[in-house]
Amino acid sequence: MAVTRPRIVAFLCNWCSYAGADLAGTTRIKYRADVRVIRVPCSGRVDPAFILKAFETGADAVLVGGCHPGDCHYVRGNLNARRRFLVLRHLLRYMGIEEERFQVAWCSAAEGAKWARLVNEVCEIAEKLGPLKGFKSIAGELATPEKEITLSGE
Amino acid sequence: MASDAEAQLREKVKDLLARGKVKLVLGYGKRSGGGVRPLFTKLPDDAERLVWNDQCAPNLAGYLTREPCLGIMHGGGRVGIVAKGCDVRAIVGLVQEKQVKREAVHVIGLVCDGIAAGGSGAAGVPSKCLECEWHTPPMADDLIGDKAAVAPRAGDALADDKRIEGMTDEERWQFWTALFSRCIKCYACRQACPLCYCKECITEKSRPQWIAKSSTIRGNLAYHFIRAMHLAGRCIGCEECRRACPVGIPVDLLSRFLTRRVEEAFGYKPGRDPAEEPFFVTSKENDPDDFIR
Amino acid sequence: MARIGVFVCWCGSNIASTVDVKAVADAAAKFPGVAHAVEYKYMCSDPGQAMIRQAIADKRLTGVVVAACSPRMHEPTFRRLALSAGLNPYFVEMANIREHCSWVHDDRPLATTKAIETVKMLVEKVRRASPLEPIRVPVTRKAMVVGGGIAGIQAALDIANAGVDVILVERSPSIGGHMAQLDETFPTLDCSQCILTPKMVDLAQHPRARIYTYAEVEEVKGFVGNFRVTVRQKAKTIDHAKCTACGVCIEKCPASVPSEFDCGLATRKAVYVPFPQAVPAKPVIDRGACLWFTKGRCKVCEKFCPAGAVSFADKDSLVEETVGAIVVATGFDLIDRGLYGEYGYGKLADCIDGLQFERMLSASGPTGGKLVKPTSGETPKTVVFVQCVGSRDDSKGLPYCSRVCCMYAAKHAMLFKHKVKDGRAYIFYIDIRAAGKGYEEFVKRAVDEDRVVYLRGRVSRMFEKDGCVIVKGADTLSGQQVEIKADLVVLATAITGSEGVRDLAGKLRIGFDQYGFLSEAHPKLRPVETNTPGVFLAGACQAPKDIPDTVSQAGAAASKVLGLLSSPELVREPLVASVDEAICIGCFACENTCPYGAVEHGLRKDAETGLEVEVAKVNPGICEGCGACVPVCRPKAMDLKGYSEEQIYSEINALSGRLNVKG
Amino acid sequence: MTAKRDILRAIEAARAKGYVVFAPTRLEGIPLLAEIEEPLVIDFDHVLTVNTLKDILLPRCERLARLDVEGSGIDPTGDRDAAILVFGSRPCDAAALAILDAILLGEVRDARYERRRAKTIIMTVACSTCDDACFCTSMGYGPHDGTGSDVLLVPAGGGYSVAGVSEKGKAFLSAVGLKEDTGGGDAPPVLSRKVETGDLKAWLDANFDNPVWRDVSENCVSCGTCYYLCPTCHCFDITDETGGARGERLRIWDCCSFSDFTKMAGHQPRRGRHARYRQRVMHKFAYCPDNVGKVACVGDGRCIRHCPYGVDICEVLSKLVSTK
């Protein structure tokens, strides 16, 4: 079995960060494939429960991408979220989950390169910290084993 | 907490009820086998049964969002409530969050220099009394007690916090999982919390089920995690949750820790001023953002 | 039971070269709820779409996941397709395996893994989707324009000419705005009033236009399609229905105050018409200046008015107007020269600002078009024009360029030279920004034909010395200090948003910056829209602009309004928040969080207590679907359609259990 | 009289025979019935553990089945087969088992409870002390009562008198080499509490709609403490918990005082705290007598001891019957 690679779950706001990630694509900027993206209308939609669930389901790190302050398509969704995220990072640390596992970034639709860099950085952070054991240890029955499939070869 | 305060209290309540200023006063009465318990005072004569001493730990604010108080306030009546500084902060929170109309409550604030050791579940003087800045309630219609007589308790309110902060991440995780695996999900902490007034708690949601219902460590951790987030910057540290927990979990640690962080970061202290907007529904351009990439 | 169809696109080799599309389709076929999974070269092509349409029918699909490019690219395409195939469009999701996968990864197994998991997430999302219908809001086919300068007039005219009723609200007693104060306009030097006043009259006489002058917006309720605007009609104290505009009252009025229109270079009476060509041409009484209102005696005007139009009993009145859209055209103000200690705090009488100079130039102005030195009344021989007074000056907190000063300074210098043939004109500048049609040529003319002297540098100090203003500055090109003994100094003071605009912005729930300029929805792609649907911007209220730009933006705003009002109802995406009233506990955190004021109060009978309790309700006509209200709702009574709690939960949940694709 | 060490030896012997042993221990000062590896950690001095035998026989969370939608589908799960010895629980808790048996092993039999019950030995240690919340005597039991126990140890001098109460118990004693000696134990402690309930059942049957229910439930905040700590409450909920394609079906405790109680079945029929509190009292003192001929209360007093707001079942009962 291959070495387990880090698993990053990213919540991207539709207007800036998701578009930024699109731009990374259209400009063919390469980055690591260990990220899984969930599209949300605004970083203000991101609930702490999302992050908790992401960790529960095996994420080693979570990244939330929103518009830069002032650019929010919805005026101030990103600013409201910022308060929650600050608190959430404290909670994670206090509970014994390295706060670096939860990253927040402002990434505009023009910052394809920044998005690529972010993914790589967060992957490195996750690797440095190693797999998040805590939640796996309490998943009990719900710990789903890895599956393997092979390429069709076509 | 001189007994003359108790006498004044009885007088005041008797008078309020007699003059029909309030339909009901939430206070403390004797509990069989020592200690106190909430006393719903409805008739002027019931006022004689009110007590005020350092056993009066319970925060009665939670009753304001329940029957019969709801019905009384809804019908335009007023409810009186005997409240210590910490209790009053809960009432302020309820006003801020539109659960109670300020004019519908008559707050009988009591100057309090702390409740008895063991008063909130934990051994020793409750830490809330050690860090108390509210010996005199921040809001009251009547104030009983002698501000001068207040003798702050000695001790370190942040002892637990420091211990936990001193641990490694690994140790902290072990600490919490060990603690919460004890939780039996009786929801006493939730029901006792004056600010957990939701009619249907998110724990009861099954589609989707953010919080596993079971009292497995999985479910318990999720419950206390989300609860802490829901109380961050709202928890006024009355320690009712801790007092109510039958298996002795210091449930308040998380939410109080977060509320301190909120104060550091945003200068917001819950339960200060009924006119203040709750911190989590607003934001400022210059909020701290050093953690953002 | 869900029957999801998964359609994996090769996008030619764009995806297929890096992602094993067959492996993706095969894996998807095994996902719970997936009834059909295929790959094809170009899903967006006609045959590709036909294939999906066919599958929806044949396999009785309840949902579709297209694994292809970014949803920002083709989501509308495939949702339209679904609709035409009889499937609710919101049962279609796109898995972005191109921009987010094949184009950014090289490793085939890893890219394929990511593609498969991405598809899985969106299959799970579609499984939890619910059918949504577009939201339809009835529209009031009427518009309001706030501000009666050239921007407002143009917008109002364009709207009215298109056959839509329009209401213009102007704060001062006449429409016309700053443009009416100007003498000649660059780069053509045609007379400002000659081109403006006809428009003013057109609008005033337009059957579809109604003008409130001496009026202000008091309150704005409602939302796009149906704003309910309360207008405060300030008491004019002259009944315009009776007034014949004979002007006797003005003649007789004993009270004089500095004229706003003439920028304090002349006075006006307490009862006044701002300028001769004003629309309406009938006077109002300025109660701040009127002796009757200030001292309780006089009433001379009433005595002399032949029409008996003066009514001291007149009161402010409130009028409510319902309109479908609003154009804000509140224009600009000049910054206070008092900011500049080094320029004499605006106390040097022979140092004036651009607008004052315009009035001086104007034939209908206080000096009848004659240039004079305010202190002596002589004709100024040496005039110094200073640009960037405030603009581009961080020390005064105004980092931006006011955009019109380069041009009008050149114009002023020229016009001065035209009037004073032997005069000397100096212009202190930092850079010359003449990036408009015919602008560069215009500046060149000033230099070549009119011999205007340009000095590159800031003016460091100016002070009064034997009847003249001594201007000290640096000529950074020659590297010399220069000192000019000027008869008159004209400051091109910086432009800011007009006074009071912040209040208005609050009422309209639109943003503004620290300089009082209103915020457009997007600096490039939505320059005339605001974040409040149905509210648009025109002219200098958004940023400093010259007349041509202002007029074109006014036209753009008008066309946005006309587009909005073109159909009897507004169709909006149904991706909005909604409240489960049975769970809502009425803390209204959502209301405080909503940037659009979309949360309203409703009543619910509580099952447990039987009491009527207040609960939150979302107005789908206002909600923009950002979802900021959901995380602050603790019991999760609030949810967001299209990005529902269940959908996002399922997406996250789909990720548990890693996948390993072997090469 | 049998010495304490002989008893500890017997427990060791049971462990050697593969018994899983539960006994009272202290966790941060809180007496809890817990699985032990080492008899020396047993706490003999407590009045009553916070948790009850329910934790072992009707656990607060029990897996009924495993789910894997991408794999084997649904398969029911059993639990470990090892025999169980519960040492040191009190007579009231043992007595509660007799009630649970009557309810869960009636015409409808709870297979899982039955299986576990069958392989469990209840070795009760009678009370030498009690506190002001205890009222077992008012419910027809007592500090030295053997009801529901397999083996009853009664404090005697420094040691204990040992009696096999059930056949199962006698067999166990001989298996672990512990002789019965029923030589006189110490006098039982005297309870301070006495509940005068008169003809409670008749009152309850007649006063379902009596407004007094609102008064007696005023202090109740609808938490689950009294239920979860009650040795006879036995309502449960079934919940499916999933992660990805995996999941498990769990049986967990539920409580008639929760506002979402029976929501699964559509709605909570009991509106208001008073209705829910009434249900609890009715269930214990009216419905159970009707259904299984037993009052579902053993007077262990946990609900009084641990109620955060001082709801006192004894006071409530006397108040009820004294209300017209």
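Just so it is clear, A, B, C and D label the chains in written order, and each chain counts residues from 1 on its own.
Following the convention adopted for this analysis, a residue touches a chain if its C-beta (ideal position, glycine included) is under 8 Å from a C-beta of that chain, and two chains touch if they have at least 3 such contacts.
None of these values were measured; they are calculated from a predicted model.
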| item | value |
| --- | --- |
| Touching both subunit A and subunit D (chains) | B, C |
| Chain pair with the most C-beta contacts | A-C |
| From subunit C, the most remote chain by mean C-alpha position | D |
| Chain centre separation (subunit A, subunit C; CA means) in Å | 35 |
| Inter-chain centre distance, subunit B versus subunit C - centres from mean C-alpha coordinates, in Å | 47 |
| Separation of subunit B from subunit D, taking each centre as the mean of its C-alpha atoms, in whole Å | 31 |
| Subunit D, residues touching no fewer than two other chains | 241-246, 259, 272 |
| Multi-partner residues of subunit B (each touching 2 or more other chains) | 67, 199-200, 210, 216, 218, 280-282 |
| Multi-partner residues of subunit C (each touching 2 or more other chains) | 593, 608-609, 632, 645, 649, 653, 655-657 |
| Contact graph of the chains (line, ring, star, complete, other) | complete |
| Residues on subunit B engaged by subunit A in the complex (per definition of touch) | 164-165, 167, 169-177, 210-211, 216-218, 221-222, 225-226, 228-229, 232-233, 254, 257-258, 261-262, 265-266, 279-285, 287-289, 291-293 |
| Subunit C-facing residues of subunit D, complex | 69-70, 242-246, 259, 271-272 |
| Of subunit D, residues touching subunit B in the complex | 27-30, 32, 50-51, 60-61, 131-133, 214, 218-219, 221-225, 227-229, 237, 239, 241-242, 250, 252-253, 255, 258-260, 263, 272-273, 304, 306, 308-310, 312, 314-315 |
| Of all residues in subunit A, those that touch subunit C in their complex | 1-2, 4-5, 7, 9, 14, 18-19, 21-22, 24-26, 28-42, 44-48, 50, 53-54, 56-59, 73-77, 80-81, 84, 116, 142, 144-152, 154 |
| Residue ranges of subunit B touching subunit C (in the complex, touch as defined) | 67, 70-71, 74, 97-99, 197-202, 205, 207-208, 210, 230, 277-278, 280-282 |
